[in-house]
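Input: one structure, supplied below.
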Amino acid sequence: MLHFDCDYMEGAHPEVMRRLMETNLEQTPGYGNDRYTGNAKKLILEACGLDGETGKVFLLVGGTQTNATVIDGLLARHEGVLSADTAHINVHEAGAIETTGHKVLTLPSYDGKVKAADIEKYIKDFYTDESHMHMVTPGMVYISHPTELGTLYDLRELEAISKACRKAGIPLYLDGARLGYGLAADGTDVTLKDVARLCDVFYIGGTKIGTLFGEAVVVTRPDLLKNFIPLVKQHGALLAKGRLLGIQFETLFTDGLYMGISRHAVNMAMKLKKAFTDNGYRLFIDSPTNQQFVYLPNEEIDRLRKIASFELWGPRKDKETPVRLVTSWATREEDVNEFISYLVKEH
Amino acid sequence: MLHFDCDYMEGAHPEVMRRLMETNLEQTPGYGNDRYTGNAKKLILEACGLDGETGKVFLLVGGTQTNATVIDGLLARHEGVLSADTAHINVHEAGAIETTGHKVLTLPSYDGKVKAADIEKYIKDFYTDESHMHMVTPGMVYISHPTELGTLYDLRELEAISKACRKAGIPLYLDGARLGYGLAADGTDVTLKDVARLCDVFYIGGTKIGTLFGEAVVVTRPDLLKNFIPLVKQHGALLAKGRLLGIQFETLFTDGLYMGISRHAVNMAMKLKKAFTDNGYRLFIDSPTNQQFVYLPNEEIDRLRKIASFELWGPRKDKETPVRLVTSWATREEDVNEFISYLVKEH
Amino acid sequence: MLHFDCDYMEGAHPEVMRRLMETNLEQTPGYGNDRYTGNAKKLILEACGLDGETGKVFLLVGGTQTNATVIDGLLARHEGVLSADTAHINVHEAGAIETTGHKVLTLPSYDGKVKAADIEKYIKDFYTDESHMHMVTPGMVYISHPTELGTLYDLRELEAISKACRKAGIPLYLDGARLGYGLAADGTDVTLKDVARLCDVFYIGGTKIGTLFGEAVVVTRPDLLKNFIPLVKQHGALLAKGRLLGIQFETLFTDGLYMGISRHAVNMAMKLKKAFTDNGYRLFIDSPTNQQFVYLPNEEIDRLRKIASFELWGPRKDKETPVRLVTSWATREEDVNEFISYLVKEH
Amino acid sequence: MLHFDCDYMEGAHPEVMRRLMETNLEQTPGYGNDRYTGNAKKLILEACGLDGETGKVFLLVGGTQTNATVIDGLLARHEGVLSADTAHINVHEAGAIETTGHKVLTLPSYDGKVKAADIEKYIKDFYTDESHMHMVTPGMVYISHPTELGTLYDLRELEAISKACRKAGIPLYLDGARLGYGLAADGTDVTLKDVARLCDVFYIGGTKIGTLFGEAVVVTRPDLLKNFIPLVKQHGALLAKGRLLGIQFETLFTDGLYMGISRHAVNMAMKLKKAFTDNGYRLFIDSPTNQQFVYLPNEEIDRLRKIASFELWGPRKDKETPVRLVTSWATREEDVNEFISYLVKEH
């Protein structure tokens, strides 16, 4: 059986495992007060063009947890978070944001992306609405890059969104669960330093790119997320053996590992995409990253699911249903080739 | 200056005030453990075709508070509430539902109403989605009657929604902030007994119909909202002098006062609507109840706001903006006539 | 039957009712944007020695609601509120503070009061504890005056607590549900202006002193409780007919009504206390305010409850149980006299 | 430098690491839907004397997270959790329980333990208090075993607590962060099967006993924690690569590893305790498990901290301060011996 369900089907990159083994019986203080975590933070800040004065880093365990904790930390009690209606926080986090007491305020999604103009309009409409004290105040903007649909902002779009947020005086937060797969995509003009320059808070995903688990939250404004550790603890996100996060991120940010393994996943995804389009399949989304979305006739789904696992994107429709195939740093090229061999021309 | 801003610009109906005065120096136990509250509950249950075996009543202070408390009481922690995207709980309660930890799951709004078919589809799609354990479980349905746009469900629609909820095993909750104005509307085929028969929980609004404040929550299923009093207390909704609620609702439900004063408001609203259409104004919504929505050119808004106050419905648009005019039990016919005299034919 | 259960057994002071009747059919904007509310706020600020520059006032409906809303507004997410273990917020609000996500951190109670030295010790211990990032940060102090046990701080104690809070950089919040009964007590050296000078936020209770309902929150630091209205709305505490609060507090703060009626309640309570001690009953607490606490043998409780209602203070004990008798602005002297006539010398 | 700070200073037991390495590049479905997790659950249930009909298991990441998620899942909205005032949930979880909206209701601590009689009294007092609808309803009992002070319940005590809970109709939840160290202690008469028989929910800690991270929640009543997965997700506790938990617990519950490594830690702790008492040091608590508490004069603390790290138990006192030394499955006997060699007779 081949597997393209998601980008968290394997463990960690072998180099990450090697380092975890190597350090396994060392004794370090808990909760991230260890030298590995310290070094990982330093390496991440450097990669972002920041230092200990201009930025800070927190290492958390998982994506939903990170989103809930960061958003809870950024918003005042009367505020909500603006996001695309397709955003992970709005659809696939089981209401974790709302459990912190905050509303997700939705903007139209353009293949998973939001537009600066829509943010500006929302905020203008809000403050000109005579009833706005009865409404949830937009207090921050959430975007994902790549989005949940595999798409990417270009630099101009990201700059416009950042500008809209700064004009409105609200922080911009970028969910980078798959950030590497975005930065490594063909044709993108967005770098990690751009992300750090344009966002107020973002996270660099490890779970989906090379680690067993772990997400690195980068804060680029010293006034934000002060007193964050007790909040991380409250959210059950303060790992006792914090050094596990440190060791993993230290490894990812040594010798360009993070970008290298990200690039591999994108290559595999492009190979899949080309095979779909060469065989006349219709893309649901034209994604330049590791998630590929294609329409499949339902009988084709049934046939292909006998040899490969992948997700339906939403409930099964009458005739054809969009499906998602995902590659990762761990995807074997021979698996991709085998899957492609099952595709049918003129299906 | 004339006032059509809302239906809570005056105090209470004179008969309600008379009773409050009359009983003012009586001594009663607090928190609703008084004979007036007991009698009010009995009268309300009777009006609903229920009794102490089949129904129960709780008296709360305000609408947002009631919605938040009831929804918090009905939902399990992993559940959210389905409502029209235009619903009061989704737009105008400052996120009160989310502060209880629950997500508002939106359905399309048809002039403020939801369709049974959309509820059924949402629930079917949810349970057939392979990722549904990562999503918010739909745990109840919220509707308002009249809606925030003044519209009404007909009996067939309400029965279909009730059936959809019962089939799905989730409670149906009806926000009746303006219930009287709906029950008293021309041509409606929905009675209070129908509401009690088809909904699992609903509230009969007092604040907008005759009382100083107060909303009567009616529960028609004995298994729901058990242990509700401590929850009411937690929500800051347990009035110390609970008898004030009892006296007011006892008065409303004596000698048909509630329906009588509701009817007056509807008559005044119909007079306004006729004047608008007679003069060629374009309705934003064709509402049969006490809220009237009409498009006004912006200069017309400026002109009319010199003699009457009313709300813009959303932010001011470029040329014309929908506005809302509201009548109530207290609206004076001479005020309506005067306002109408300012309308301009072929404006 | 005589009633000494609590200080909210009657409606409102006749003058308050007169003003509510007089203004009943006036039309005013909702949610406190009316002239009565404006004037009430002005009068309250004046009585506190403040003005619109140095203070602000919010009018809410009930005490538990006010405590939950204010505390939610003052605390950051990782903070808790310090209070006596006997505090209303810790015992008798059904967990309303915790529903906002905040812990009540308890200090020893000395007849309902906290000591400045204990606050200082708590904060010092907290910050010197090597594990404090795993603990709830003390973010404010809650006191009540009079306390839940009827006792009062003297000026020196209040100054010491205020100083401890300011040194720690955390706000001091005073629950004044019965503030008038404290300010009117014999021998107190604390004035309303002292309260305003020493506290950062406090509320002046109306429900228990002359109004149908209503609590006036006074904020004495401009940086606190900004954006409070949406929070009030979220908490279901924004009264639609806000002017009802305005009219009532305007009346209370006109011609010294608030202090005058408070004084009456204290006089009645002192009469009760004297009767108890004269007859050899043992006080549970020596309270100078309108709540009186006395030990009664259980058979005495049973006997007296046949002619008067009053509360047991906690669960019934084996032989004797402390009970609470409460007077109010509305207590009739003949009722007090009649009750006293039932007391037995050498019981 | 020697380290006795805590029981999470190393990574995982070598056998656990070996299995993680061995399976690292296998592909499995996410979120615990893998065969390793399935097998781990089976092994755990067997060890507890349960099967898939009578029990269920959930694997979460960390202790605070587990407590918050389970307690949130067990309590109704108006309920709180009873625990010792020294309980981890009351002191060292940064208010995580309160962020779920629930109050921690404290009972007296007897060296970290609660007494059945106090539970019974609390519940009786609650329901006989005439004001109980204004108070937080006790909805479950939390105990830890070993406690935060290293102490253990004996079987008779545990049976009495269980009986008190069942009589009151509320679940008993046992925090087993260090459960193995308790079950392996000298002289205990409590087995894992006893725990499963007497508790309604408990967790078997992995983080402190052999895994990198992970806690196994065991539910022994089919009606509890239904719909728990979405709640786990909401709490940010649903690990994407859930199999990491499965593999680790499968290893722990194969060939008696869990009990074997627990026993080692206890042996090391007993050696430490004997050395303290032999040298005339005064125990703060006489703990039979892996946490040892002893009073040290402050100068002794300063001297010993030069060669070994350990925690002060609370803020430093004037002359002597209790300290905690912790052993674990990973403690090396030579380290214990070296530490003991620094102790001074007649210090």
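The chains carry the letters A, B, C and D, assigned in the order they are written, with residues numbered from 1 in each.
Here is the rule we go by: a residue touches a chain if its C-beta (ideal position, glycine included) is under 8 Å from a C-beta of that chain, and two chains touch if they have at least 3 such contacts.
The structure presented is a predicted model; accordingly, all values stated were derived computationally and were not measured.
*Asks:* Is the contact between copies chain B and chain C built from the same residues on both sides or from different ones, judged by whether over half of the numbers are shared?
*Replies:* Since more than half of the residue numbers are used by both chains, the interface counts as same.
*Asks:* Hey, which pair has more contacts between C-betas, A-B or B-D?
*Replies:* Comparing A-B with B-D, the pair joined by more C-beta contacts is A-B.
*Asks:* Averaging only over C-alpha atoms, locate the centres of chain B and chain D and give their separation in whole Å.
*Replies:* 49
*Asks:* Whole-Å distance, chain B centre to chain C centre, using C-alpha means?
*Replies:* Computed from C-alpha means, the inter-chain centre distance equals 33 Å.
*Asks:* Measure off the straight-line distance from the CA centroid of chain A to the CA centroid of chain B, and report it in whole Å.
*Replies:* One centre to the other, that is 41 Å.
*Asks:* Mark out which residues of chain D touch at least two other chains, giving numbers and ranges.
*Replies:* 77-78, 93-95, 99-101, 133-136, 230-231, 233-234, 238
*Asks:* Help me check something: in the complex, which residues belonging to chain A touch chain B?
*Replies:* It is residues 77-78, 80, 91-95, 98-104, 124-125, 128-131, 133-136, 311-312, 314-316 of chain A that touch chain B.
*Asks:* Would you pull the chain C residues touching chain A in the complex into a rising list?
*Replies:* Chain C residues touching chain A: 31, 72-73, 76-78, 101, 133-137, 227, 229-231, 233-234, 238.
*Asks:* Touching residues of chain D toward chain A in the complex: what are they?
*Replies:* So the residues of chain D touching chain A come out as 3, 5-6, 8-12, 14, 17, 20-21, 23-30, 61-66, 68-69, 93-96, 99-100, 207-208, 212-213, 230-231, 233-241, 244, 309, 330.
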